[in-house]
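Written below as structure tokens is the structure these notes are about.
By letter and in written order, the chains are A, B, C and D; residue numbering begins at 1 in each of them.
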Amino acid sequence: MGLYKLASREFQAEDTVICIGDVTIGGRELQVMAGPCAVESREQALEIAKIVKKGGARIMRGGAYKPRTSPYSFQGLEEKGLEYLAEAGRAAGLLLVSEVMDTRSVDLIANYVDILQIGARNMQNFALLREVAKSNKPVLLKRGLSATIEEWIMAAEYILAGGNSQVILCERGIRTFETFTRNTLDLSAVPVIKQLTHLPVIVDPSHGTGRWELVNPMAKAAIAAGADGLIIEVHPQPSEALSDGPQSLKPERYMQLMKELEQIALCVGRNFRTSGVLKKTGTEG
Amino acid sequence: MGLYKLASREFQAEDTVICIGDVTIGGRELQVMAGPCAVESREQALEIAKIVKKGGARIMRGGAYKPRTSPYSFQGLEEKGLEYLAEAGRAAGLLLVSEVMDTRSVDLIANYVDILQIGARNMQNFALLREVAKSNKPVLLKRGLSATIEEWIMAAEYILAGGNSQVILCERGIRTFETFTRNTLDLSAVPVIKQLTHLPVIVDPSHGTGRWELVNPMAKAAIAAGADGLIIEVHPQPSEALSDGPQSLKPERYMQLMKELEQIALCVGRNFRTSGVLKKTGTEG
Amino acid sequence: MGLYKLASREFQAEDTVICIGDVTIGGRELQVMAGPCAVESREQALEIAKIVKKGGARIMRGGAYKPRTSPYSFQGLEEKGLEYLAEAGRAAGLLLVSEVMDTRSVDLIANYVDILQIGARNMQNFALLREVAKSNKPVLLKRGLSATIEEWIMAAEYILAGGNSQVILCERGIRTFETFTRNTLDLSAVPVIKQLTHLPVIVDPSHGTGRWELVNPMAKAAIAAGADGLIIEVHPQPSEALSDGPQSLKPERYMQLMKELEQIALCVGRNFRTSGVLKKTGTEG
Amino acid sequence: MGLYKLASREFQAEDTVICIGDVTIGGRELQVMAGPCAVESREQALEIAKIVKKGGARIMRGGAYKPRTSPYSFQGLEEKGLEYLAEAGRAAGLLLVSEVMDTRSVDLIANYVDILQIGARNMQNFALLREVAKSNKPVLLKRGLSATIEEWIMAAEYILAGGNSQVILCERGIRTFETFTRNTLDLSAVPVIKQLTHLPVIVDPSHGTGRWELVNPMAKAAIAAGADGLIIEVHPQPSEALSDGPQSLKPERYMQLMKELEQIALCVGRNFRTSGVLKKTGTEG
């Protein structure tokens, strides 16, 4: 190790805490980013935003530009999707995170969302890393499918060295020989990142496993391992989702998970600000 | 899936709970197996047994026959090691688990210990699987370094089909491209095993990470993910251990971990029988 | 399989042969692309071009925009590098291939070189794939570090579906647990690509192994396996190269390899047009 | 590197050449071991032996004890299989290689065959390595599914250190994320083994790819990369084979391959003694 500088604990001993309005990432409070893989329609975005809010998450995820293995798969609603997402987020009082795939669309997407996401397949798209470094928005940097932890930190270093210190790392599973799960979620990366860097790190158990029934246990495990938060796919009708249905939680399972996570959080000295919200929605529902 | 029969949830819906005296594996109570990688001397075995007991674990691990990559490395004390282990276990009131590597020594080892361990490198040593199937001792079956979950269950099926229904699976990390950790601990295997089979599954965060500083967070994560227990390397002087020093916990760190695990256990509806013991030792120390 | 259409043998039974001037890729004649990892100076480019030509290769490689793991490593000479490369290629009578990393610089690079290279880290940079699809230049598409063969073909499908039918695939090693070699060169991908698609496929034994001493045997093996050509790093002083020195061949080793390859080529019914050239340079030297 | 001693080029600079009767392994002459995955019947063994001989190979392979993932799959004919194999080998004038899986059956198997095979799943079955080290038979040591090259050499070192210097290494594919092929055949291991050790190394393109149509190109590539020989599965009716049918060559394809290999061998300064035989059978057929 040691090839990175700005990301290292030697350079900065204390944890980086990213503040967006009154939402903090990397502090005592855990954050959950929830929502659909892809924004599919205005109605879908509005509906999911309400569910996300009700469950207690403070940030909504949703893809408008989708990196799909096949050119014949649904590629996202593009700017129209960003509009729907922005409207839904405003209505529900949620921050927004969405993926950027092209250097030429960074500014456009930054106009709509609060956090720019770099997907796993672009982790070493160095032109894109340099471009988001020029933005004043926080960047969610997913680990590449076959990136070592050091390479992942070096990708963050590109953003830091480019002048943007607001980087959030996201473990989303690595590619291994195992075929039962879509990827192998490497939770040991969480304490390693905490040891080597001062950056916040969250976990994506949806892509990390590819199976909704594994999202609950792996989300709990991620928090127990010290993650600063989670990013989770939620969809009202997973079987009809235009992408990633098998790994999306139904709304009630998402709400149940949020409750269970609170207890784990307390065990590791963390909390969700959503505690109060959850109790209130409890009496409402 | 579906190649296995006896291990499947279809064959047996309820969880298998293995009972050894008053210790249960796979039930509500979580079990920790702790001890040195290798039994190094009578004194070491006796000393560690006391520490293991004091921390609250009920099962002691310790290798007498060691599978070493190099023929020039310490290969274990063999039967002498088993004698030391047995004496230490008796003195401290601990059950014992130790590895068997050769079909010809299964009976010998079964005379000394309560649980026979099949190491990762022998997971598909089918002659050995058939031999431990003939024993009336529970078998701890570690996942092979590059074994898929299905192959691992099929290895358990060899033991079950051979007449021994007391199989405990152990996730100990798989081999991936990542080099910072010794292996990649695949915690998603825990809920997958619970979904597909009725067998107990424990986690080895020591081999799974190869770094003592990752053992604590990954042990907690394992319990949060639903594991039935842990196997952990503990050594009074890790830097002088004859093998696996870098991944062994010092006694005080082991004791601290045991306390922290209790809280996580409660969050997932499990407990350690050791709660009382820990409080008592707390007032003693 | 079957997600790709335009790349498949079902869509087009006969091999795609790409013609650039009188150089054909994918036909009976094998092609070698040789040169430095990075263009380092005008002098270096001119010197290596002469060596490349003398050895018999008809295409020169050289990076002007370099995808480096660290932001602090040499990032390439950018447009100045392209100018040097173009001058050197013209002087020696060689075609040129160089990497494109940003959608915004595709047109610029296409002005200087004959083949646009998509690097392994950008294999699923879909915005970039769509952009090179709009170019009328052939595209050399390297396999991603952890891309399955099917995903790699799907990436080619993006280019084909975007209107550019001149795609050359390049196996350059995949990421595995092995650490002695930089990557694991998957030569079985060559006959698989030939079976499933009609596209030409070449092999990069330099990146595929990371060690110059393995380039010769693996280059021969690639041709024996049916590859349509090779891309090889050659540098006059590998120990002083700004990148990838350990995997670069010295000029004399490159020349020797080119001679040895001719014989293997004949065994599999292929040939180098360079046969005559080599003999001539033989009498000169 | 450097953990091994007896296997290293430092310990012994010249190549080890193993002589069994007039068959040499590791010398100028290449050797092919061909035959069925499993011995299925006396008739099958006799029939395949004739084919193997006719094609020009001098060693017959055939499993009597089979390491199968499932306990419910065909496990081999055991000693009866060895009897059939021995009879077939004698009748055709072929040497024999067969797998040993249990320390207790090493002597038995050594009575029937000329070369003891250690399978990939037992590469680090150290008890078995120690036992075959006591035999005076050459040992064919397959690389483990996730064994690094160094670990594989260390396994050979166990046999060498135990007193048996006749070790033949066999690359048979490693486990990676790729799913189109059964394993990823790591041909770069061939020149690496030649560089680091003095031991002969052969390649198994049948297990290495899992697909018969890839056996021919990968066999040629193996020889081009410097392998000392091949081990190939041949079966008269692959579709009816009790195991590994999809990767077995039909007799005519095996014969064709043997002819094509001769030319590649000459390119790399090697030959088959079988040249004469093939011509004769050519006039016969």
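Quick notes on this structure:
Going forward, contacts are C-beta pairs under 8 Å (C-beta built on N, C-alpha and C of every residue); 3 or more make two chains touch, one makes a residue touch a chain.
These numbers come from a predicted model, not from an experiment.
With steps allowed only between chains in touch, the distance from chain A over to chain D comes to 1. Look at the contact of chain A with chain B and you find the same residues on each copy: over half of the numbers used there are shared. For the pairs B-D and B-C, the count of C-beta pairs in contact is higher at B-D. When every chain is reduced to the mean of its CA atoms, the largest separation from chain C belongs to B. Between chain B and chain D the centroid-to-centroid distance comes to 36 Å (mean Cα coordinates, whole Å). Distance between chain centres (mean CA atoms), chain B to chain C: 49 Å. For chain B, residues that reach two or more other chains under the stated contact definition are 146, 175-177, 179. Chain C contributes residues 3-5, 67-72, 101-104, 121-122, 124-128, 144-146, 151, 154, 157-158, 161-162, 175 to its touches with chain A in the complex. Within the complex formed with chain B, the chain C residues making contact are 146, 175-177, 179. Those residues of chain C that touch chain D in the shared complex are 1, 146, 148-150, 174, 176-181, 184-188, 190-192, 195, 208-209, 213-214, 217-218, 220-226, 260, 263-264, 267-268.
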